[in-house]
Each structure stands twice: as C-alpha cells, then as structure tokens.
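Labels for the chains are A, B, C and D, by order of writing; each one numbers its residues from 1.
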Amino acid sequence: MNPSSQPRRAQPLEVTEWLNTDHPIELDSLVGKVVVIYAFQMLCPGCVMHGLPQAAKVSRLYPKDEVQVIGLHSVFEHHDVMTVPALKTFVSEYSYNFPIAVDKPADVGPTPITMSNYAMRGTPTVILIDKAGSLRFQRFGQLTDMQIGSYIGRLLTESGSDHQDLSTTGSESDTDGCTSEGCKA
Amino acid sequence: MNPSSQPRRAQPLEVTEWLNTDHPIELDSLVGKVVVIYAFQMLCPGCVMHGLPQAAKVSRLYPKDEVQVIGLHSVFEHHDVMTVPALKTFVSEYSYNFPIAVDKPADVGPTPITMSNYAMRGTPTVILIDKAGSLRFQRFGQLTDMQIGSYIGRLLTESGSDHQDLSTTGSESDTDGCTSEGCKA
Amino acid sequence: MNPSSQPRRAQPLEVTEWLNTDHPIELDSLVGKVVVIYAFQMLCPGCVMHGLPQAAKVSRLYPKDEVQVIGLHSVFEHHDVMTVPALKTFVSEYSYNFPIAVDKPADVGPTPITMSNYAMRGTPTVILIDKAGSLRFQRFGQLTDMQIGSYIGRLLTESGSDHQDLSTTGSESDTDGCTSEGCKA
Amino acid sequence: MNPSSQPRRAQPLEVTEWLNTDHPIELDSLVGKVVVIYAFQMLCPGCVMHGLPQAAKVSRLYPKDEVQVIGLHSVFEHHDVMTVPALKTFVSEYSYNFPIAVDKPADVGPTPITMSNYAMRGTPTVILIDKAGSLRFQRFGQLTDMQIGSYIGRLLTESGSDHQDLSTTGSESDTDGCTSEGCKA
C-alpha cells in the first residue's frame, strides 16, 4: 500500500463537483504543501465518528500554506441516498469547512473513478501526498491522532529527495462490511 | 416541559413506517414498561454523535421487558435528503437494532405531526414515559449517561400514584440552528 | 455480593480521620438519603482514572439532601506511601470536595477494618446504601455512568419496604493485581 | 521558550535515581534518537490524567531506536509525600515501563536542579531534544496527541543543520496552582 523506494506521482483526483471552495483544486497546484485526503462516505460510521472529525482537527492545527486537507466523497454503495444534495446538507449541518470533492462515478460499476485509480479498499481511507506531489501513504481504516500527526510532521520536514518509508506502524482493518473502523468495498 | 403534579397520558406516536420491528408499536401496548424515546434526524450531528449512541447503550443495559427504547425520526428540515430509504441505509450502516419510527409528515408545514403534538423544540429530544403510560420527562438537547440512567432508574422503581418531578437537573440548549448539542426547529 | 430478599443494615464505617467535613459522619445520621461510598486507594489507577471522577460527578449531579457521596480510603497495600498526609495532598491537588474517610487499620494484617467488615475484594468498590440505611449494592470494579445513575435513581424513588434486587447488570472484575479496572486484594 | 535560529545543546539531566532501566541514561548517549521528556509530579492531576498516558502512547508508537521517552519526576511541592518509594509504587501500579528519572533536589529551595536548569514553569512539561542533542521544544501544560505526534515526526525526519522552529501551534497555560492542565511552580 505504501510506495517504498520510488514514490510515484499522485494521480489526479477525478471530481464532478467541489464543496467549500470557489474553484476546483488540482493536486498539481498544491506542490509545496503536504496534502491530506480523507476519502469517506457520508453514511459510513467510521468516517462520521472518527475520520472526518480528525480531518477537521488536522485542518485547524496546521497553517493553510503548509497542509491542505481535502475530503473526498467516494460513494461505492447506496448511491441513491448518498447524493450530492444529501452530501451538501451533511457538510453544512456538521459545519465542515475544508474543501470536499465528489468522486466521479464510473460508467460501469459502483466504484467511483478516483477510488478505483487509487485502489482504495473502502472508507475511510487516508492518503498523504508529499510536498513534491508524490503519493507517500495510503491506509484504509482509522489512524490515531498521534499517527496522523507524526506522518504529517515527517512530510512537512523532509526536503529534496530523501524519502523515508512512512508505513512503520499500525495495520489495516480486515473486516467485511461496515464496522466501527470503516466500510469495506 | 415537565408535567408536574398531574402527569398526562402520553399522546400516541403518529408514524408512517417502522424499522427494526415486525409490527407497529402502540404506546398503549407498552404499559408496564418504561419507554425512552429519542427523537432525531439522521443528519443532525448532536443526534448522531451523542443521542443515538446513548439510545443504543440504554437498549443494551436494560432488559427488554423493563425498558423499551424507541427512535423517532422527526424530520423538520432538509426533507428531500432525509428520506425513508436514506434512513434505512443509515440505520443499517450504524447497526442500530432498536425499533425506529418515522414521524408522520404534516399536511402543511415542515414539522411532522408527533413532533408538533409533543411541542418538541428540535432534535435530539429525549422523552420518558412511565410504566402507567404518562409523559414524565421531555428535553431538547443532550443528557449525560448518568442523568438518563438516573431518570430511568427512578421510573423503573416507582409504583402506584407516587409521581416525583424528574426535572431536577440540567437545562435546555438555547442556540439556534445545529450545534454539537442538537438542531433547533 | 448483593443482599437480596432481606437487605441488612449497613455496618458502621470504622474511620480514623475525615477529610472535607467538619465532623465525623455516622451512617445512622444519613437515614433518608441514598449513600454512595467509593472505596479507593490513592495510587490505584482504576480509582484515580475512573472511580473518583465518577464519584465527583455523582456529587455534582444530585442535591446534597438526597444523595451523600463518601470516599473511603481503604489501603490494603503499600501502606508506607499511601499515608494520611499523602492522601490529603492527593485530595487537595485533585480538588475533590466530597467527604473522605480514612479506613481504620487492623491490629493484624494489611486489610483495614471497614474493608474487612464489608468483605471488599479490592479497590475501587462501589457501595450503595438505601434511604432506610440498608446495604443494597456492592461491587468491585468499574460501573458505567449509566449504571450508577440507574442504581441511584432506583434507590431515590423507592419507598417503604419494597426492595428490588439491584444487581441485574454487569459483572465483577476477576483479574489479580492492579489493572485498568482496579486493584485486587 | 523555544530556541529559534540557534538551537542550544540540551543540558544534562541531574538525576539521583532511575526507574525502569538498568543503568543511568546520559542524554549524550542518545544522539541519533529523538528524545521526549515528560516532567511530572506523581500527584499532579494533569500529569496523571493526560501527560503520562500520552508518554506511554509515544513509547508504544515509536521504535526504541528512533524515539526515547523519559519521565522526569520533578517535585517542587509536597516533597514529604512524593518520595522515591512513593514514586516507585506509583510507577508499578500504573505499569509504566519507560525509563523514569528522579530530578535531583536542590541544596536550597523546593525546585529540583534539572527543573531549574531548564527554567520549567510547572508540571507537566514536555521537552523535545533532536537527534543532534539540541533542545528544540519545551512547553508547560498539555499538548494534544496530534501536536506531539507532529513535533516528533518533524524531528525524526530532519537531517543536518536544517532546523525549523517547532512552536507554531498552541499556547501555554497561565493559571496558578493545580488545574486540569497542570501544576504551576
């Protein structure tokens, strides 16, 4: 799950609509910042109870010119009720104010395109992109606040081509369906 | 908000559909049990983060023949996205297994009928009905676990016509809109 | 652990010193109130992290003329460091303001007298005495806030000789030594 | 409180006794690791409820060859009851297993020597020393898990002489005496 010696460029987000931002955000435009993406579904308990509150904490802790938090609504089930209007109500009621992208539905199958491109296993999934625009970390399930803080701290500090492997702690959830950890695709 | 010397009979729930039960539940059929109703909206943060998890704890703690927990989906805003199919997905994803009723929409206006009949001020609202079927407590906003436990304990123990006033602690939320406390109508 | 059909009179507390009260408290003088005793040791993690904070919450929630909270420092190990002066510093630093009694050391053996008389298995132990002065509940280990609230609510409401068995939920800890649950004698 | 452009070498710890280690630990011997020191008092509520549990989490999260956690018992009040034997009991009961140093009492005055040398304002105080042995961060009061994780992550990653200022977030507590935040000297 973790690109090791040769980090690869993070693939573009395929998005149909953005919330909480005046204009679409291209990953390319974020070079120089650490990017933290929380993929979620608005009716996924592990996302609502843990992932998104943590995303909001990250957004509050770090200066905007150093860390960019992005929510990515990657709906792979129950598409009929997790619609864009429903998402907008959800985001407004919870007062989340970081940018949130709607993952682009696929022509075939339930999994949206960015979710497929990143080979995500479910929601929540946390993705970290370094200041050079490379994908450095991806995990399905929950991270503690100390873990995410530590990963962000590492990416904030590194310079040049000295890329350490971030995945030294924790493990992925392996239960099917929705648990307190998350919802598996 | 609290019926004092003369508790009045709890009004019937006006319901269009029930989840997690084979048959509609009439309050009259629950005489002999303490009834704990959590009125909520599926996109109300105070309901999702506090009210419903507490309802589930109440449901797990007490024997079914002593305490009946009922969720009441009283949608007074954003009706287009808090639909019955959306509610069913929500309840399934969160694995709530106590009975949940859909409050009946009014012919005129956004407030559903049971919510109006009980003069609820928003969600979450906790309602307690004693073993004789009388409305004994109603509050908009959040109760601590110790408070709700204490109220239920009192109602479980009283017998005959010795009705104490339960409302000795806490106070109602008074903020407009949705806060961490709840959503105001 | 729970007196069932025939609740017995709670035995007197054997105390060498009281904190946070001008005068010694006799259980007999508390008839008419529900009494909640938290037996603890000042260096028992389960007491410090859970039991005493819960005792403080009980003390804040209920009117003083209805519920009397008492801390009971029942030291059965490490007597050399859990002294009365150490206890006084502990209570002052944590700003606990409910009455706290020092359990009377035995002439022989490490277990203090009240702890022996009540056959406590370790700390924390929660003891509930009803308004008539009868011992109604005793448990080693931790109770949730909802459980303790429920038990207190029941005892507050009952009148006359109608004594229900309170011990319908939860179970005792069974690990040796100190765990997050408590310290076993 | 934070050395900016010119980080200075961390002063040696002045210690009378070590717990949880076979041999005294010299800061000089830790060059190459990030060192996280939690100064505490065993009867300081903010230390017991927050600081030390966080120290234990740090100790569990990071490999021993990358991050060294040290507890520093810096007693500046109530010396008669926060003795070394009392500390040993405390550490044993709470099952803390990272190295803990006893700050050396001063010849004159209540404040121990390391606490004075570092100009600490009270307990808990968190101190971070980088891989080169320089003092990089010091704060009285509580840090969130995300903050401490972030600081450690930064120090783990930097190399050479590229020293960023860590103190971009949070603020010090300013209340006198012991609060939930900590105890002020």
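Convention: a residue touches a chain if its C-beta (ideal position, glycine included) is under 8 Å from a C-beta of that chain, and two chains touch if they have at least 3 such contacts.
Composition by chain, UniProt nomenclature: A, B, C, D = Redoxin domain-containing protein.
Since the model is a prediction, treat every value here as computed from it, not as a measurement.
Undergrad: If every chain is reduced to the average of its C-alpha atoms, which one ends up farthest from chain C?
TA: Centre of mass proxy via C-alpha means gives A as farthest from chain C.
Undergrad: I need the pair from A-B, B-C or C-D whose contacts repeat those of A-D. Over half of the residue-number contact pairs should coincide.
TA: Overlap exceeds half of the contact pairs only for B-C.
Undergrad: As a quick test, compute the distance in whole Å between the mean CA positions of chain B and chain D.
TA: Chain B and chain D have C-alpha centres separated by 48 Å.
Undergrad: Quick one: chain C and chain D, Cα centre-to-centre, how many Å?
TA: That pair's centroid distance is 35 Å.
Undergrad: In angstrom, rounded to a whole number, how far apart do the mean CA points of chain B and chain C lie?
TA: 34
Undergrad: Send over the residues of chain A in touch with two or more other chains.
TA: In chain A, nothing touches at least two other chains.
Undergrad: For the complex, which residues does chain B have touching chain A?
TA: 43-45, 48-49, 78, 80-83, 85-86, 89-90, 93-95, 178, 183
Undergrad: Going by the contact rule set out above, which residues of chain A touch chain D in the complex?
TA: For chain A paired with chain D, touching residues are 57-58, 61-63, 144-159, 162, 164, 168-169.
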